[in-house]
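Shared between the two complexes below is chain A, which has chain B as its partner in the first and chain C in the second.
Here is the complex of A and B:
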């Protein structure tokens, strides 16, 4: 059958197509069309030949099916340890099969792959740490997602998400005007309490350029205001770019490789244009992975680095606290058991495990920080990573996936969870809504603002 | 002075009082009224679905759903719509306080009218009712009029205004608003300060001295600003501020209480205990307007 009107191999590139796809309630028509969608097997095989490099080929070959990865996967654990959830099985029965068949697979198989790729793997890369051969199923699943996307077999929301990036250069319909207006609005709302506070847009040669997650200007602009307060108190010469401010990449979750490259180049262009000394993003894990860890390679940067040093928000915050630019009033430190969620995307994938704990050492009264078990790079995915949080079709599976984090949190006995990652924060909030275990969750920004030792005259008390 | 009124409503019975006041004002003062309704709060991490603010259920927003909500609102406020030529409905999704502020800013509203709470007890609403008003009142550039219940003394026009002051910077804006409203609508204005003696041990002489000092301070602070406006009187009582404000309002059949909202506590649970404005809103028999910014006064 020819390609569907909504479900097809074409990425969403126009506002019209985007609105049309959005108006399809729950993706009903989209998924109906997917049932009939032809697989262009020749193109699929050609893509594999062109893009599958030796690492993945080797991994597929050398997997000994030893099953050591099974227990490393939280989805295997929460799904009654069924063999279908063993990571090596998941990848061998999908990507492995496509390769073995030289791309000669049918529609039904592709739909099965889609389900496994987006509801049975969050690309948290934990299995890679436990594989005796270092095989990383998360990386392979990201690759598989790309193949599926190129054939039109991608969940409705992610097709839209990547379309949003293509049309609006943001994961939500926030235009440049909306963004700049939000910056003005938040500065206006905050400056009375914090005299002298500004949110400078497009300032050249600043110390720090700040990028964020489009959900923030769209629904939670106070997050931007909070970032501004902390930069202001720390006396940082900072700026936000009018273009290239959106750091996230739903296209990475969707497997839209072309768009991934475009997203990251957009941010890099802003860096080149404004020439800041350094860049930092918001408390978001996947945005950091997309722009800082994987992005340089998508952009074809030989050194594997962004154009300027690009640190995660926790690194900036720890530095500001360490150097005394931000001071914590000891009387205001957290005096209740509190635990910390490690974001896979910048903890396991970049090693930023100690810096978050350093922050906690400043803001939590000694003796009150309770580690999850396991923790740091061994910690589990929040349960909603890799786009899982946002896919309606797999909501049920996602809710099951949240149970691992729920058990970990319950075991700590803490009622407060610090989650310096947008996605983890969302997942933990969802987990409370779904299971009602009586917890609270927070980003670092509002917590820190609440306990700052503010220099005299800097803040006007209301 | 109330050219553009933004009625922020959930459409639930808890907001009927607010709607009545907003429409009455619009008709009386020939204002444009926008019925602003936040259809739903985006479900966590899933932007195509929202939790309907009235039912708490997950719904997908599409044209059909939006027109259904619009019809519902039209039916709910059918009586008010009669004769209101300058009324329109605006629907959106998002976090209510944020979206109300966004719309007020965008439309350059002169007044936001809203209920004090959505009146719901469902767990989904927990944290929203009080906090929405708190956040809007704190950040809005324009006065925010809140109506907690159908007002016994509000007959559809303002004639008696009570301005309560704690001599803060924000109170200046509230005073300017109270004065210009009183002037424009030809009302009586009572300038009031409640000497806070709650939880304190003071002897009678000290209280009386403080009362005299407060009265002098009112005279020095506000009277020079009133020019030829003579319809005012000054009251200074001692007690717990919100109790005294409500008592005086009742005694004087006040139909508008004007206060400055300037708590920095946004946690609704804590602010509810601490804020005078919150307490007055919950207890007063008439609309309460909170003014904290000088922009629209």
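Here is the complex of A and C:
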């Protein structure tokens, strides 16, 4: 059978197709159809010829097969160091084979590639730091995911996720109306406690335009309220756009590059339209990578930068604390051992390692912050990056992957983990559910709100 | 035969080898794509160059990169192999006498004992690399016959050179064998993965630029390899 009804080479572009795919419980029919899906080998090879430039070509050719990348991969470590988990082997036996065969590969091989691309690599880019030749397998796996997506070999949840972005321009079915209503609703609720608080939508020339992760309005609207509280207390002139507020990109995880471009342009359009001085996003790693680090290239921006300075939430927060716009009550500082999860997507991918530690210096009593080992740009992925968290088919493998972070956290002896990234937060929550090691985890926003030294009269105590 | 191999044929080999390597470098840089690589090479050139040099120097230094420091045994073998491999043919007295006779200038010459020592180092290191490939499962799974062929091609001029140097067996035969194996090695440089002798610098520089620009450099973060 060439193309399935649900599993096929066509992206999901309509609400109808989206609902149809969603209604297929756990992707049962979807994966059944995938067993029969034809590979358009000519199109595959044509894409490779057009998009595989000297960097990846050279990387595939000059890999010295030295195995130096093996230990760098947490998935290799947690899977009993089986040689099949060596990063170089994973990419050579998938992308390398497709290139060697000039795209002439079959369905079974493509399914094998899908399994490796989404359950044996989280695109955390750590291996690139340990390869003498500077070969970054994470970059190549992202490329491979693009090839697999174009042929329909993509996990069910990510086909849907990418479809959500295509249909709703958000990773969940949050429409413009839903979003604006949520802003109004959260402003009303929060204003009772914080008189004068607003969530201004589409305000021109603000100091800060705020963007977030669609899961927040959909499932945790309190996160938006918390952001509003902190902007309000800091006296920030801020706004959210009615359109272009969603900065995540499941399409990046899925390898749907066309959709990535469309989404990021949507956010950039909002920036151009509202003309804020700066933009900041929520506590999310992949969203930042998509919109700020990789996005400018998808959009074809020559300087590799978004239209306006676009900072991660940790940068905004550190600045507000540094400048005294937010003040911490010393009595409320954290006085228990606490550790920090460095998100690959803005630490290894944008160098934001010190700014998070600066925040901790304001909110943790000296002597209580315990570093994970290794940390900063050498830190390991939370275990659920690159879409791994959300894929039911590979849940078992994901649960094994969580063990590295579990060991790192246990080694610190801390019971509290600060995770300023949605995905890391989820992974740490899941690892507690799975392994019950007795830890708590938190974003920065609620922690900071609980510690604020609030000017008199600003907050109504109940 | 000797005249032919060391005369016109040698020039041809040099032309193909060095010309070929130059072509590889040019093609590498021509094949870069800002959008597909997601690195704005030109817009932030100074940050990029800083990252590129940081990357190259960190990896040319045996204690410069964390990966080297973590595996001191392999690092020692690796550097010994490459230093012997490069220094011996360039500074060997016999090679420089030929260079002097043919082009009128020569490079500094190393004492014979050092040349012997370095040649033996290359051979011993090569054996260690082979044994490592066989012994470690994570390296064994990556290793192909092609990898062994590359090692064979690389070490052959040293083996034949030493046999000729110690005048074991037929000197003329081993001398010719040395010249031919050396030429095979040179001819392989641009066409095989031995091209890493130049592409290493290209690839490292490029990842260094990536880190020096979007992956931290613009944020003032010095990346520790």
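We take it that the second predicted complex is superposed on the first by the 462 of 462 C-alpha atoms of A that agree within 3 Å, B and C clash if a C-alpha of one lies under 4 Å from a C-alpha of the other, contacts with A are read in each partner's own complex, and residues count from 1 in each chain.
The criterion applied here is as follows: a contact is a pair of C-beta atoms (placed from the backbone, for glycine too) under 8 Å apart; a residue touches a chain by one contact, two chains touch by 3 or more.
Because the structure is predicted, anything quoted here is derived from the model rather than measured.
Contacts of A:235 after superposition on the shared chain: neither chain B nor chain C is touched. If you count the residues of chain A touched by chain B and by chain C, you find the higher number for C. In the superposed pair of complexes, A:455 makes contact with neither chain B nor chain C. By the document's definition of touching, of the two partners only chain C reaches A:58; chain B does not.
Residue contacts after overlaying the shared chain place A:22 against chain B, while chain C stays out of touching range. When the two complexes are laid over each other on chain A, chain A has no residue in contact with both chain B and chain C. Contact residues of chain A toward chain C in the complex are 51, 53-55, 57-59, 61-68, 70-72, 76, 81, 83-84, 86, 88-89, 92, 128-136, 293-294, 296-298, 300, 302-305, 348-354, 376-378.
The residues of chain A lying in touch with chain B in their complex are 22-23, 25-26, 157, 160, 172, 185, 189, 192-193, 215, 218-222, 384, 389-390, 392, 395, 423, 426-427, 429-430, 433, 436, 461-462.
The part of chain B that touches chain A in the complex is made up of residues 42, 44-49, 60, 62-63, 94-95, 98, 101-102, 105, 123, 138-139, 170, 262-264, 293.
In the complex of the two chains, the chain C residues touching chain A come out as 27-40, 42-44, 55, 59, 65-67, 70-71, 74, 78, 133, 136-144, 147, 193, 195-196, 199-200, 202-204, 206-208, 213-217, 219-221, 223-225.
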